[in-house]
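All chains are identified by letter, namely A, B, C and D, in their written order; residue positions are counted from 1 within each chain.
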Amino acid sequence: MPYEFKLTRLVEFAETDMAGIVHFSNYFRMMEATEHAFFRSLGLTIHGQEMESTVGWPRVSATCDYQRPLRFEEEVEIQLLVAEVRSRSIRYQFVFRMPGSEVEIARGAIAAVCATVDKQSGKLVPMAIPEHIREAIQPAPAELLKPFASGRS
Amino acid sequence: MPYEFKLTRLVEFAETDMAGIVHFSNYFRMMEATEHAFFRSLGLTIHGQEMESTVGWPRVSATCDYQRPLRFEEEVEIQLLVAEVRSRSIRYQFVFRMPGSEVEIARGAIAAVCATVDKQSGKLVPMAIPEHIREAIQPAPAELLKPFASGRS
Amino acid sequence: MPYEFKLTRLVEFAETDMAGIVHFSNYFRMMEATEHAFFRSLGLTIHGQEMESTVGWPRVSATCDYQRPLRFEEEVEIQLLVAEVRSRSIRYQFVFRMPGSEVEIARGAIAAVCATVDKQSGKLVPMAIPEHIREAIQPAPAELLKPFASGRS
Amino acid sequence: MPYEFKLTRLVEFAETDMAGIVHFSNYFRMMEATEHAFFRSLGLTIHGQEMESTVGWPRVSATCDYQRPLRFEEEVEIQLLVAEVRSRSIRYQFVFRMPGSEVEIARGAIAAVCATVDKQSGKLVPMAIPEHIREAIQPAPAELLKPFASGRS
């Protein structure tokens, strides 16, 4: 029952902007890619089928504190920590670091709700997290979860 | 000395994802587009020149709470409010609404620091906000600024 | 029965890359945005419903010749010309220009096939262009359509 | 003196659109990522320094023919072939395939010109390809390079 996962990525050219650094919106894509790789590492998929319904994880909130810029072809390690598991939602924390270093580049969080797409309306309807997903993950120990400078954990 | 700005956008196909809704990372691009349009409305640019130096606004933090999904070809109005002006940084709040409606789609915030690109090192160095920018904006009245559900304002 | 449409856009920060210019992949998003605005101008939508089926326009080919770079906050006018209408596909040409100028920034083309999403398999299946769409557009006169330097028109 | 390179990628959620498939513009980002990985495999970088000048590779043209859609979490292998090396430009061909299969997903091409950023004007000025780059690569044998259906090779 893991509560942690690490993904290493190389910054791509298309992720940079004219300031010469990774555009701030792309940190959210990197967090999401880490979340999805975490699911795959458990034999799960973030966009699966449960009893003929499509299950997805729309976001309730997302946040990022930026400490150092990231540049083209730099490597970054993104650490995912499961911060909280509720009946219908999961909250993750993420820390971006230079690989092999304790120096933080950024720190973020995403809260996502488990939802199914109603076939008639096409709308997303919250649902209880399927048992086999709930059993596969657990929250990280509290001492690993640091509060954000701004109060949003 | 305005403290508010509104931008209306139409959701583009490339902003959606396979869940059929705007990808959550694109809300941050919409917030930034609103910030930049706010600057242009004041005769300023977010990426300008001050005494032979390039001045930019790297992000310190960004956050978004998602309430309702946005779909292709839907119109969205993004309201920017200046939440705080400090000596070297500005904090904005954003509210996403259906145009002509009070129904909120999302609510976000960005804090950005004024910085110049050091010509030798290429690094971003924080600097005092130029006087003509500081004079052009002011914080919104406190009663217009609502706290985030999660505590980050 | 129009065969032409023009869209004017302002280059956004997130569209640039570390070379300080619009990333070449974003020209394809601008072409698509112009195609979709063309459809809306005719009272159509590119992602509509026909007799309970979702109709879309997956791309068969896309190409772009780049002549001049585009920079942040520059205005660009994108001219769409309908190059060919076949039973199940449409081909467009696009010319990017500085507004009010004949100077070309880029020139591109997209060929798209009309397709419906099969509800069982989720696969895209080509279909005849619906009559009301076919009636709403026509190919541009041949003299307006210039061949590409490289032979792909 | 290699003329070929292969990169394998997993389709990310943010690369899909509401049609449930990879957005057509993202194939160009995948081609570019393959080009850059090819350069790294030779000990080079696509955005390097030559005698105090920044050297880049702005695109002259880019094209893609789409044969099969790509979906979330599918693996794709992108094969790069050097199609032509001229004094100031390089042309690449790309073939997208399911790994371990001959079935083609897409086929594309990019032509890029070697350029340096003029420090005064900030403009991109074409230049001869540096000798150590020219020596590191060579064109693929003609029989490996297939013409595009549409004539642009």
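As a convention for this text, contacts are C-beta pairs under 8 Å (C-beta built on N, C-alpha and C of every residue); 3 or more make two chains touch, one makes a residue touch a chain.
None of these values were measured; they are calculated from a predicted model.
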(request) Could you check if the interface between copies chain A and chain C is built from the same residues on both sides, meaning over half shared, or from different ones? (result) same
(request) Just give me the whole-number Å value for how far the CA centre of chain A lies from that of chain B. (result) 23
(message) Roughly how far is chain B from chain D, centre to centre by C-alpha average, rounded to an integer in Å?
(response) 34
(request) Name the residues of chain A that each touch 2 or more other chains. (result) 13-14, 18-21, 25, 29, 32, 47, 72
(request) Based on the touch definition given at the start, go ahead and assign the chain network to line, ring, star, complete or other. (result) complete
(request) Under the touch definition given earlier, write down the residues of chain C that touch chain A in their complex. (result) 13-14, 16-21, 23, 25, 71-72
(request) Spell out the residues on chain D that touch chain A in their complex, using ranges where they run on. (result) 12-14, 29, 32-33, 36, 40, 45-47, 72-73
(request) State the interface residues of chain D toward chain C in the complex, per the touch definition above. (result) 18-21, 24-26, 28-29, 32, 47, 56, 58-66, 69, 117, 122, 124, 148-152
